[in-house]
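Following: one structure in structure tokens, then a few remarks.
Here the chain labels run A, B, C, D and E in written order, and each chain numbers its own residues starting at 1.
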Amino acid sequence: MQDQVNTILQSFGWVIPEIILCSAFLIILVAGLFRLQRVVLLTLALITFASVGAAIVTDLYTTSPTLFGMMHTDGVSSFVKMLINISALLTCVLSIRNKGVHRSEYFAFLVAIVFGAHLLVMTTNFLLIFISIEIISISSYVLAGYFFDKKSAEGSLKYFLFGSVSAAVMLYGFSFLYGFTGSIDFATNEFVSSLASSENSLTYLALFFVLAGFLFKISSAPMHFWAPDVYESAPAPVVAFLSTVPKLAGLTVLLKFLFTINLGGQSPLDWQFYITCVAILTITVGNFAALKQTNVKRMMAYSSIAQSGFLMIGLIVFLPQGVEFFLFYASVYVVSNFLVFALINSFEISGTTTIAEYSGTGKIFVLTNVLLLVGLISLTGLPPTAGFTAKLFVFSALWAGFQQSGNTILITLLVVGLLNTVVSLFYYLRIPYYAFLKNGKPAISHNILSFENLLGAILVLVLLILFFQPGLLMSWINKINFVL
Amino acid sequence: MLCLFLTLFLPLLSSFFSFSTPDRYSWLIILIAPFLLLLTAVFSLIVIFSCWNNTAGLIRIPWISLSDASISANIFLENTTLLMASVVSVVSFLVHLYSVGYMAGDGNPRKYFGMLGFFTFAMQGIVLADNLLVLFIFWELVGFSSYILIGHWSEKTQAGKAATKAFLFNRVGDAAFLIGLMVIWDTTGTFEISTINTSATFEWQTFAGLCIFGGVIGKSAQFPLFTWLPDAMEGPTPVSALIHAATMVAAGVYLLIRVFPLFSETALMVIAVTGAVTAFAGALAALFQFDIKKVLAYSTISQLGLMILTIGMGGVYAGLLHLFAHAFFKACLFLSAGSVIHSLHQAQRRDQHHFDVQDLRNMGGLRKNLPVTFLTFTISGASLAGIPFFSGFLSKEAMYTALLKDNTTFSLAVFVVMAIVSFLTVLYTFRLIWFIFMDDSRKPSALPVVEVPMIMRIPTALLAASSIWIIVSLNPFNFFGWIVTDRSNAPSIWLTIFSVMWVAVALVMAYMRFRKPSFLPNEFIADAFKIDVAYDFAIKRSSEKLATTVEFSDQRIIDKAIHASAYGHVIFAHVIGWFDKYIVDGLVHFVSSIIRWVGGIARSYQNGKIQDYILYAILALIIFIIWAL
Amino acid sequence: MNSLILMILLGALLFSIGAMIIVMKKNAIMMLLGIELMLNASNINLVAFNRFYPTRMDGQMFALFVILVAVCETAIGLALILRVYQYYQTSIPENINELKG
Amino acid sequence: MQNILSFLILVPLLGSLAALLIPSKKVSAFRWLALGAVCVQLVLFVLLLRNYQPEIGLQFIEQRLWISLDLGSWGVLKADYLLGVDGMSLPLVGLSIFIMLIACISSWHTLSNVKGYFSLLLLLNASIIGTFTAVDFLLFYLFFEFMLLPMFFLIGIWGGARREYASIKFFLYTLLGSILILIVLIGLYLSVNDPSGAGGLVHTFNMIHMANPANYISNTILDPNNMITIGPLSARAWAFLFLFFGFAIKLPMVPLHTWLPDAHVDASTPVSIILAALLLKIGAYGLLRIVYPIFPEAAVQFSTMVAVFGVVSILYGALAAMASKDLKRMIAYSSVSHMGFVLLGLASVTTEGVTGAVYQMLSHGILSGMLFILAGVLYDRTADRSIRNYSGLASKMPLYFVTVLIAFFASLGLPAFSGFIAEVMVLLGAFKSNAHNGLIHESLAVLATIGLIFGAAYFLWAIQRMFFGPFDVKGVAKKLELPDLDNRELLMLIPPCIITFIFGVYPQPLLDFINPFASDFVNHVITQAKILSAHP
Amino acid sequence: MSSALITYYVFMFTAAASAIALLFARSVFKGALWFLICLLSIAGLFVLSYAEFVAVTQILIYAGGVLVVILFGIMFTSKLAAKPLRVENTNVIGGIVAGTLIFGLLTKLVLENTVVTEIASSPRAIESIGLSLMTDYALPFEVIGLLLLITLIGASVVTAFMKEKKQ
């Protein structure tokens, strides 16, 4: 009893970032009551994320003991948490000009989601996974509706219904796993050994149910249906946020889960095969459905679906290098994604939402469109952007995985993935295509030197630097000692 | 040595000069270009006098060297090359001279003289080259200059068509030539003629020989690629004289002589048969032409056929001799014809009276107006017809001798063909001269036709002078002379007699047939009529029939076949174009539409109904589970 | 028949019926009920399986938390349904489909 | 001197940046800037040429560490900034600079958005030079991909009526090609070890290391000693095919060529020039530099296929050109036909064939540039490219006629022009191949020769229709105001005329560069193929 | 058969039956009532499964709280509609197929795989639950509090701003 209390007390030392988040959540809520200036709220949020990020960076590589009996931090989770905080920071910056979202609750929910994501990244406990996913989800439902109009209401309702069902399905899976292993923590030996010894096909069904929940969180096929509708209706900063933070958190927990249930390749079920199929399906559905979209954010939703597939590649190969490349890809994805959304947001504010409305903007907003182009090129994975390096890395991982396992589905994924890159270029290029090649009358005709351009330029610079010197980031990632 | 190089490069200099002279000073061209060619001719004569009968020599000029092979542009010197080189330069000089008069008033003397000089250079290149690849290069270049010169009057649509046709027909032959070159390179590893000629027989030799002969067929207008030559008469007449009579078309024959050892028995047989067919077909066709230049063109085809036939039968020296003689008298014929055309044209311009100045039917009785031209035309015509005391007689005799050397049935058959062809040659030559110059009844209505200027008369006269027997040998009935020295090929006296008699018979026949277009009702003529009937029946009808058939086949079948194949290609090309647009590109579109279709499917599930989304997700999950378990 | 298996089968039944309700019923609130039914199925499982492992209370604890989370979901769900109702004047999900494609 | 290649790349890159800084009103400043940059490159190239030593292969090597990632148990991933030129790439660099010079002059009167135009042009310039000098595969790929975007916009913004379609099509095709290349690129670097790396595994992108079978890590998929088969073919054969088709799209090879006519027809004149003269060469360059040396045994195995594709391209391109009604389209198809010779020469793997292939690349670079300038000259005056709408131009535009004659005849392989030397060499090599190394059958060379006839046919017909006969231009009102070439156009046209003539008459200087490369190449491919295919 | 067992079966039956009735309910209101019965039966089952605390929570929070909220929801959303409480079906075939597939699959797998073991009678668990909440489950306990706060604010945001917008 006393031991347990002591453990809990000791654990608090390890969760300072989470404590900061928790307090920030309350502080922002309280600050909202005083009808403070928007700037104050924004600054509060920025300070929060910056300090949390700083707190994480200070001990990025340490692996903690088990905290509160159900989670621990290690290099991977710290890195992902850092990415999450960077994303949150960028989201706040993006929201500067979105006047409608400036309420204390907006920032509070951002903080809450980051908090949930932190928990999700760190934990291996089914209960905590469930709760943190719910924290993320419920906050997201609200944020998705932050335009407060007809469409956003519809979007968040759909998000809620789909999310709840997948949470229920995942929970049902958890209940079976608990039943067959007697443990609600998949990192425990008890769980692993009973999974290894069981010949129980119901277990696999349960695992699939659980995976469905995770796939929902990372908006991967076949659980991707909510994403386009929600992305279309939500404000651009929120979309940028939703397409990174929950996705990265979900991928991280999926990573841990997959490495566990794969049992080092001893699992009777060829998980590599099924997850690869999911990735292929995701990439294909995402890219192909994006082809004929007319709304930019909807197109980006499909793009983000497809990107989930590429992100999953790092997990699929079940190699430590795969994880490293996943982290690299994730970092580049965050940067490219925010770059693109920052510029889309600046267009959205001026009332440009469909691709056709971008016609002729290339001649007036040259810089904005060039930066946007670089972002899209990076998402496609072409040089000279870090997107290329990232794709090169994940595909290298795939090739190496194939070399190791000889699983031909991996080479199929390689080919499908690369061919999909061509397809993806087709729609990514549509925006620059309309902007530069089509003549049209843009909604606003004067050039504003917006701060999005500045932000975009910085992010472009990051992408270029990461292309020419990927070692800067990789050496950081390399130091992460990946243990489950 | 220097003289030799000068012979080669002076024409090039002339060409260069002509092209680079500004339009304002174009009068300079007509002074300088003939002068340079005069120098060329002089130097070539110096070379031939100084080097005649020397042992064959090789001047080595490195050109391309690869790591494991090299190609050098050597010059090979022996009697054949020297002879040919001087023929080319002399004829070319005379044609240049003639052109000064003929082309006076032409809008573009720069192009004309430039290309003429360039042609002479390229032709000299063919003659002197010892390397088959280099020879091929010049071979194509003469084709190119021929193309430009045929199309000299670019406003004439026909000229353009003729030029294109000429180049394309040559190109077909050249492609075969190139294949031959590839075979030779593959098997012997060298292009040097002197090496190839002395090397042992090799695999694919017949094939290589036939391929090279393919080039000859194109260049020398042999069956079945001969129809371009009559069309090429669209070019200026001096050009026809130089390129399409004396030199370029003879280059094929020259090539056969140069690489003669390469040909196997079978190849020679094919060559002989081709030559025979061409000679006969050309002669018959010539008989029924009305365009004065086309008669000469078919005649050229026929004569070239004879040379090739002879060479195919092994009579290299005879072929060469005829080539030599033919160059002069045919050039003279063309130039004379050019004079006729020119003077008629001038008269026509003065008179504002329009008719086709090249049509035989519009001429007659011109001997009084054009006495010099009449003389030169007759002399060279006589030489063509093979009348004694003219060079043509001697070369023909040499050919007869060569054919009869080995007494096989085949050679006999070939001999007969040759005899018939010479007979026909007499007929059409007579017909030509008679219609133009004699037959006063059809004299053009009081046109003020006057003789051409001196600058045109002189070269014609010189060429006419070169058509008499002395140019070949001192004995008017024996072709031994400075060219043919090997006395083992002695002609039999019977052959000479036969030859003379044969020509005489032919002349009589020609006179009977063409003297009067209308028939007189008297006894003698009735007798003659009987002969006429017999002739009519035996020769004229059948030959006319044959000729029309040949012409028909030429115009309709061969040309059609070639046209058809050309059309076929065009149609095929359009099919390809269509294929490219719809099938290959269509495939791409198909793929892209499949992509769109898949995209559409992926999108169609996104119908906005949340319950459907959930249903799809659940079903997908179940499918995955069932698949996995 | 073992009563435990029956419990689990009951859970399976509730789960399937919940899924069916969600997919089939033309009313957002009914869908909410369906979700609750699915959560209850999990709870039945958790409680039932807890009897295998009597030393720890993991299953029951889990079920407790699930109930709390379900409350949260219901609350937020109803709020969203009400809001959509304000805009669309209906709670029939398939009529709420401005976002599609 | 040591960094001369970097300077060659940097000069246009800096020029491009400088163009961005100049205010867009100063139109003529951009032109002079671009021209100046290219002239500086020309000077650098002359320096390069003077210091080149033909007897050693790759030289002016610049090696700087670019990426070095420690991947733990995987070893080190290493990519270098590695530049160098040899007898093949040096003439191509020269060609690029020359063509860029012409393109600059040709775009002198570009009207809209001059700033963007010239900065993209310079960017393109830098990446093309980079592609030709990169020896590191990753660096090569970087430059290779980087060409696409400037080209996309150059076609798409300054192009003709259907420019958008053409640019998208161009982009997607070439991207598809580069994706195929990327797949193999990944496999290769994972399989190749840098022998100079101390101790542990160093995965390298160095092409020279990739070409040496001793550097392959055992039991990797592309290890030649490790005969892994995927489906009917070995892994290395697949890799060869992927790379081959990747580059063949760029070449372009029938049936992967359909982007070319569209791109050409709708691109503006300078862009067409660059596209035909340089971008097509990059496909062939990739085959010569990467595909054959790295996969010699697969190259030998598939030589007949490559040759057949070459011959089909020759014939098909020529026939399609014959059917074209649009002048530019015809020229575009003629490019397909000419590049077929490159494939055929390459497939023969004989010294003659390879020399001829490289020679053809250079020759076609100059000639196609010329052809597109000529097409542009006419289009500038009448805005009509339809062949059948013209006749009798010879009398109206004599200078133009002369240049067209030279360009067309040089293109159809008239001796005394560079095209002839190249095509004859290719044919000789192709014919010799069967007896020499047993790779491709003689009949293919014979078939290719027929292509020469077709080649003559479409060029001659075009001349006949457009230049002979009475003067007329259909459908153009101001038909009498058809001025002959002006000085600017002559400035563009005369240098290529002279160059193609010089290289046609005396090819030896160029052969001194190409031939050592070709014989090394043939040696390498044949001996390695023997060694590698001798393995069980 | 013990009385406990009979009760057990009865609850099970009512739970199943009310769930099926819920599926066939033609009105939302009736559905909510069927759902109440279902919840109560499940609570009964919990009691019989030695999970009294869970059962109590189920009754208090679920049946008491949630259902009341839902009833309010029903009333809010049906006041304007013409046929307030009617519920029609959609996706009938798909739903039935999906439902039967899931149920069939689960039943099959459960029957094949569940190992029947002796069910140990467990001690009264309320104290250990209380202890766990403060020790093992301290973190989730805290976090769920946060979640409830988030939900509270979220629901208020969703409804409050909506009204603002309407005005």
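Assume a residue touches a chain if its C-beta (ideal position, glycine included) is under 8 Å from a C-beta of that chain, and two chains touch if they have at least 3 such contacts.
Here the structure is a predicted model, which means the values were calculated and not measured.
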Self-check item: Minimum number of chain-to-chain contact steps, chain C to chain D
Solution: 2
Quiz prompt | Chains touching both chain A and chain C, listed by label | solution = B, E
Exercise. Go through the assembly and pull out the chains touching chain A as well as chain D.
Key: B
Self-check item: Remotest chain, chain D as reference, centres from CA atoms
Solution: E
Exercise. Would you kindly say which chain has the C-alpha centre located farthest from the C-alpha centre of chain B?
Key: E
Practice problem: Could you tell me which chain's Cα centre is nearest to the average position of every protein Cα atom shown? | Solution: D
Quiz item: So, what's the distance in Å between the C-alpha centres of chain E and chain C?
Solution: 6
Quiz item: So how far apart, in whole Å, are chain D and chain E when each is placed at the average of its C-alpha atoms?
Solution: 70
Quiz item: How many angstrom between the C-alpha centroids of chain C and chain B?
Solution: 97
Quiz item: Rounded to the nearest whole Å, what is the centre-to-centre distance of chain B and chain E, using the mean of the C-alpha atoms as each centre?
Solution: 103
Practice problem: For chain A, jot down the residues that touch at least 2 other chains. | Solution: 127, 131, 134, 138, 141-142, 145, 149, 153, 156-158, 161, 165, 169, 201, 205, 228-229, 292
Quiz item: What positions in chain E touch 2 or more of the other chains?
Solution: 90-91, 94-95, 98, 102, 105-106, 109-110, 114, 136-137, 140, 144, 147, 150-151, 154, 158, 162
Exercise. Enumerate the residues of chain D that touch no fewer than two other chains.
Key: none
Exercise. Give the pairs of chains that touch; include all such pairs.
Key: A-B, A-C, A-D, A-E, B-C, B-D, B-E, C-E
Quiz item: For chain D, which residues count as touching chain B in their complex?
Solution: 169, 254-255, 257-258, 261, 316, 319-324, 351-352, 355, 392, 394-395, 398, 401, 405, 409, 414-416, 420-421, 424, 427-428, 430-432, 435-436, 442, 445-446, 449-450, 452-454, 456-458, 460-461, 463-464, 467-471, 506-508, 511, 515-516, 518-519
Practice problem: Spell out the part of chain B that touches chain E in their complex, as residue ranges. | Solution: 611-612, 615, 618-619, 622, 625-626, 629
Self-check item: In the complex, chain A residues that touch chain B
Solution: 157-158, 161-162, 165-166, 169, 201, 204-205, 208-209, 212, 221-223, 225-226, 228-229, 269, 274, 277-278, 284-285, 288-292, 423
Exercise. Name, in rising order, each residue of chain C that touches chain B in their complex.
Key: 19, 22-24, 31, 93-94, 96-101
Quiz prompt | Touching residues (chain side chain E, partner chain B) in the complex | solution = 90-91, 94-95, 97-98, 101-102, 105, 109
